[in-house]
Amino acid sequence: MDKGRLEAFSDGVFAVAITLLALDLAVPGPDSGKGSLAHQLGSRWPTYAAYVLSFFVIGIMWVNHHTLFKSFARVDRTLTFLNLTLLLFVVAVPFGTSTVAEYLRDGGSDAQLAAALYAAIFLGAAVSFAAIFAWSIRDGNRHTPLPPGTERAALLRFGVGGFVYLGALVVAFINAAAAVAAIALIALYYVFERTSG
Amino acid sequence: MDKGRLEAFSDGVFAVAITLLALDLAVPGPDSGKGSLAHQLGSRWPTYAAYVLSFFVIGIMWVNHHTLFKSFARVDRTLTFLNLTLLLFVVAVPFGTSTVAEYLRDGGSDAQLAAALYAAIFLGAAVSFAAIFAWSIRDGNRHTPLPPGTERAALLRFGVGGFVYLGALVVAFINAAAAVAAIALIALYYVFERTSG
Amino acid sequence: MDKGRLEAFSDGVFAVAITLLALDLAVPGPDSGKGSLAHQLGSRWPTYAAYVLSFFVIGIMWVNHHTLFKSFARVDRTLTFLNLTLLLFVVAVPFGTSTVAEYLRDGGSDAQLAAALYAAIFLGAAVSFAAIFAWSIRDGNRHTPLPPGTERAALLRFGVGGFVYLGALVVAFINAAAAVAAIALIALYYVFERTSG
Amino acid sequence: MDKGRLEAFSDGVFAVAITLLALDLAVPGPDSGKGSLAHQLGSRWPTYAAYVLSFFVIGIMWVNHHTLFKSFARVDRTLTFLNLTLLLFVVAVPFGTSTVAEYLRDGGSDAQLAAALYAAIFLGAAVSFAAIFAWSIRDGNRHTPLPPGTERAALLRFGVGGFVYLGALVVAFINAAAAVAAIALIALYYVFERTSG
């Protein structure tokens, strides 16, 4: 197995998925009878907010992917299929994004389900990342093995994102907007805390 | 000819095709009058199942492509056009996927035709793979030539996927769901048997 | 300027354009009231034929691009923008393809215009290729300069595809189907003649 | 951080975004009752003009990206997220393009808003580019540091595109067509002035 081609394929999938987010931005034309452009853009603000949020979350995942794979000394079939599972969730992000953007303002159980779906997609990606990290701890899979006895702590630290998304998933059924806000706060924290360091 | 660019182009096509699968996931918005989000997601389960299945089948094809091309010592125009034929089928997978997801539950001859179409696309890919493998057996096309006298057996072993998809194509006209289940079982076998080894 | 990144960007554009061709393959679902799946697939055969034809024509252009760029010793801004012009036509191929597939059977002036549009897109690509080739003849742009005095003949030979597409464009206004058939024959000739050599 | 993968991911995003521009080119089929193909193509000329303009503007941004990144000696998280912000605007270009193409001819405040949106997307990209350039001036980020005392002038020179787009954004609220024409003139200038040099 060749790490370069696995990364190139993954980069391609990330790039297409992040670009497909923009398909949702479109507004109906002037003949659609849906009001002025200003009105349409204004009423569709959840779509634009969701676009920015999902764009950065996919971007953060790409950075994680990049950082993680750089530490790998080798690539095997198991990693290939774990990576494919991760990409399955990455590719589903535009779907979760458009669903939450359309249903969030409706409130009620549909909004809750949409927010839960959105959180579940990120949870699936986080679990896939944790599985890839667990794979990497095995002998010989990393350029620099973790110090003995620290693997469990490292895995726990790595998997913390998963717990946060699990929390957002639970919160979604109580307050849909709060769940989305939590996901946005995680993204903000990740971009600024880690960047300013 | 440069193997790296042929692989990069193929990786790009695989990456776009696998990501386009997600376009089918979308549900109509709250104003569509198609019922609650829970109802819509529930009634569209064949679409979600087909998404996962096709995602992994394209992923498996990508792994095959990767493994096969790694063994090639050189690249020529014949390989380029055989590879293009393979990609023609890969790119058609989202079409077959959405057709089978929409028509399978209808039962009757439309479901059979949809399942047959789905199997036929994979059959086309498998035949293209076999043609690429046959090309590679020729003198000088592989880094490590196959031992003399084993080429025919190797080609047969390589082509076994094609026979399975041919079987699924025939079965489709008897029982559409069974044909799709067979394709899913092949994918599961491939992911787990080969990965656990 | 870095040839590798220009090739990688071009490969990405070719890969996306060739994959977007498949968006046309979709058939309406069972609730669309457009008849059985068999009927729909049958009545849409021009779409499937156009898909195969355009797929191979884009593939051939990619091979040309690959072969041509391999001969370049350097890359500059002029080449970058000539290449961008070429990609402008490549990216328009799915548009020409779906237009010709939808209008060809109507006959009459719409079919003629659709076929002319299809030929015009390929003509634009061929002229762009010729401009890139002309650029490459300049001192120092090729690894191996052409023998003195042969440049004009080489350019003419290289540009012959353009004349053929120009012919198809003219023919389109007499007989739309004949123009498309001519484009298909060129593609067939290119794949088989050059491959069997 | 690995500059190669950051460039490859960015190239992928640019390639997909530039190709998605072509989705707008499609015309309704012959059964749509929207008149002859000639009429439809003719009445949709703003879409075709906007396609060509946006294609070259994205292409110019890709060239800028390429040139800028080539000068970088290293890559860090800050650059990664500045680059992500740039790509957020690049990916939004097809949205701005289709909006301006649909609303420009309507005149009135909708046309003004559409032109302002179009200019705002390019302004966002220009500001992101300026931020990336400012990042690159820091110690050690460039292969060849700028001469001491020239950084501010260089940043100003680099950021001039941003001021032009800001001007177009203001002009949009006076005359929408003039704003789009200004953007087209900048693109023309950039392609020809810089290429002929």
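Going by the order they are written in, the chains are A, B, C and D; count residues from 1 in each one.
Assume contacts are C-beta pairs under 8 Å (C-beta built on N, C-alpha and C of every residue); 3 or more make two chains touch, one makes a residue touch a chain.
Keep in mind that what you see is a predicted model, and the values were worked out from it rather than measured.
Residues touching across the subunit A and subunit D pair largely diverge in numbering: under half of the numbers involved belong to both copies.
One rotation lays the C-alpha atoms of subunit C on subunit D, and its angle is 90 degrees to the nearest 5. Put simply, the C-alpha centre of subunit A and that of subunit B have 26 angstrom between them. The mean-CA centres of subunit A and subunit C are about 37 angstrom from one another, to the nearest whole unit. Residues of subunit D in contact with two or more other chains: 8, 11-12, 15-16, 20. In the complex of the two chains, the subunit A residues touching subunit D come out as 7-8, 11-12, 14-16, 18-23, 25-27, 29-30, 36-38, 41, 51-52, 55-56, 59, 62-63, 66-67, 70, 191, 194-195, 197. If you check the complex, the residues on subunit A that touch subunit B are 1-2, 5-6, 8-9, 11-13, 15-17, 20, 77-78, 80-81, 84, 87-88, 91-92, 94-95, 98-99, 102-103, 106, 109-110, 113-114, 117.
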